[in-house]
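What follows is a set of structures to go through.
Two complexes follow with chain A in common, the first pairing it with chain B and the second with chain C.
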Partner chain A sequence: MEALKEELKNKIITTLNLEDITLEDIHDNDPLFGDGLGLDSIDALELIVILDKDYGIKLVDPKEGKTIFQSIETMAAYIQANRTK
Partner chain B sequence: MTPKKTYIHDYCTIENNEIVLNGTSIFKAEPTTFGDFSKQAYRNFDIQYPKFFKMDALSKLAFLGAELLLSPITSSEKENNIALILANNSSSLDTDVKYQESISDKENYFPSPAVFVYTLPNICLGEISIRHQLKSENSFFIFDAFNTEFMSHYANILLDSDKADSVLCGWVEFFDDNYKAFLCTISKEENTKYKNQTIKTLYNK
Partner chain C sequence: MKKTYINGVGCISTQKTFDTVFLEEAVYNQKDTVFTLVKPEYKEYVSPAASRRMAKGVKNGIVASALAMKDSNTEKVDAIITGTGMGCIEDSDRFLKNILDNNEEFLTPTSFIQSTHNTVGAQIALLMQCKGYNFTYVNGVVSFESALLDAKLQIEEEEASSILVGGIDENTDYTMSLYKLAGFVKNDQETPFDVLKETSTGVVYGEGASFFVLENERKESTYAQILDVEIINSLEENEVETEILAFLKTNNLQISDIDAVVLGFNGDAHFDSYYKNLARNTFAQTPQLYYKHLSGEFNTASAFGLWIASKVIQTQEIPNIIKVNSVEKPAYNTILLYNQYKGKNHSFTLLSK
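Our next item is the complex of A and B:
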């Protein structure tokens, strides 16, 4: 689980071009949107692509994203329970 | 009614890893890619705007030029009625090609929303407008080459009809890491700095 969280942090920094953010800046329970990392709606779509491309998870209901993408912790837990690759 | 005279206030050129403001080189990098050059320029001018790193190359190019010209004259305290008129030759083709590459393999089909949103040239106008809180007129044109007469005429119409207090206009061309930006600000406020110059003569300097 810890390895997956670190992998996710790296993917988010690289894919979302978070130039000034380091791994240490992202805490497991920090909100990814709003006051946390400050991601926007396009970033949310990119996270959905990461789930599909890297973990074989297709989100049928985009509203699910609100719960899944709350933090690195929630995202990692969802991936661990639902990944197909 | 005789149109009131308009004046060029400031201009900026970005090409060959160098930024020139009002005829003076203010930043130059060793030969490198535009991605690296633009990042160095962002750091050099101590710009605090992380969204810059999410932009495509055309928007970064337009953003950097606009940043140097508009930051000194805009304020978050008041409405900034500055129109934007930009043009280029390649439209958003550089990003269009990147996007097309991301969807060309049916077995590996993962289109990127973050790339897709930049597959229009006028997005760079939106980026500048968001940064400087502009709600004014903006237009983006595709020309074979920089049509300075058209640009000058359009700017004068906007200023004469009081549609804008100032106009930021110019050329922002980017394709396959070849780029040139020329931007200038024009208004009715008298300025003798470039009284014998036109957009054309400054662009060709």
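Our next item is the complex of A and C:
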């Protein structure tokens, strides 16, 4: 689980071009959107693609995203439970 | 009919053209076939949160436009017009590569958003909250002149009183590798390059962003008046002089009235003869300037040329590094710029003090 979290943080930093953010800046329970990392709706699309492309998870209901993408912790837990690759 | 004045300039290029006066730190790189940009401190102009979705061309455009606005002491413009030959090619490359690598699946929006040619003008407008006319010309090496001509016409016709005009292009490793395969870029083994004495084909490439605030009134910050801009797609070598004479005549000028001519020499032996003929004959008694040995060649390199010409008129000095000949004039009040690439897309721009 810890390895997955670190992997996710790396993917987020690279894919979303978070140039000034390091792994240490992203805490497992910090909100990804809004006050936390400050991601926006375009980033949400990038995260959905990461789930699909890297973990074989297709989000059928977009509303699910709100819960899944709350933090690194929730995202990692969802991936671990649902990944197909 | 209103006149068009260059009241502010901003330039980000392969030379240190910011935080300097006029090429005092310029270096003639004769070893590299592709020049890279001297980066400004982007964070001073755009927040890290905003810049993460900006291609380098966008960031350079934002900085160059901010410098031009500051230089002209202007806070708002009526319109923004940009010219770019290749747009934000780095992200276009990335987007297309993603399509291929992922078998047309998993396409994300970021590279696509960044890859469109009008992104630079759009981002500048967003930052400045400029809701006026916003247009981007993508016309090869006359992209910038097309933007300039549009701006001049709009000011003359009183459609706008102040317009931000710029030329932006960026280079990428992938595009340059294709250009090398196509023979557009000089062979690495042929160094040192000397743009004025080259006998081989191909050019040294560069990148940059140059912006100008054009207004309908003369101010303390005025560099020059833009008298005329002309674009001609095709000209034979022996037709250029006649065309220039006719262009000058329309502006009630003749060759002897030109205090300096800025020529687009790029070191391609096949096509620099267009400039050499003029340098040896028509403008033999005129101070001649060149600039692509400093900026590299790219679709909007001529915007760097306009920046040079504007600076010459403002400072009344010609740095040695841009001199083609040693002819001098007591004053540099009227300057003609001539550019072409591979014998196509010829442009003539006429400035006066």
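By our rule, the second predicted complex is superposed on the first by the 85 of 85 C-alpha atoms of A that agree within 3 Å, B and C clash if a C-alpha of one lies under 4 Å from a C-alpha of the other, contacts with A are read in each partner's own complex, and residues count from 1 in each chain.
Please note the rule applied: a contact is a pair of C-beta atoms (placed from the backbone, for glycine too) under 8 Å apart; a residue touches a chain by one contact, two chains touch by 3 or more.
Please read all numbers here as calculations on a predicted model, not as lab measurements.
Colleague: Classify the contacts of A:Met1 with the two partner chains as first (chain B alone), second (chain C alone), both, or neither.
Modeller: Touch partners of A:Met1: none, neither chain B nor chain C.
Colleague: State whether A:Leu23 touches chain B only (first), chain C only (second), both chains, or neither.
Modeller: Neither chain B nor chain C is touched by A:Leu23.
Colleague: Considering only the touch criterion stated at the top, classify A:Glu46 as touching first (chain B), second (chain C), both, or neither.
Modeller: Touch status of A:Glu46: both partners.
Colleague: Shared contact residues on chain A, chain B side and chain C side combined as an intersection?
Modeller: 16-20, 38, 42, 45-46, 49, 52-53
Colleague: In their shared complex, at which residues does chain A touch chain C?
Modeller: For this pair, the touching residues of chain A are 15-20, 38, 42, 45-46, 49, 52-53.
Colleague: Considering only the defined contacts, which chain C positions touch chain A in the complex?
Modeller: So the residues of chain C touching chain A come out as 48-49, 51-53, 102, 105-110, 113.
Colleague: Please give the residue numbers of chain A that touch chain B in the complex, ascending.
Modeller: The touching residues are 16-20, 38, 42-43, 45-46, 49, 52-53.
Colleague: Would you mind writing out the residues of chain B in touch with chain A in their complex?
Modeller: Residue list for chain B touching chain A: 39, 50, 53-54, 110-114, 117.
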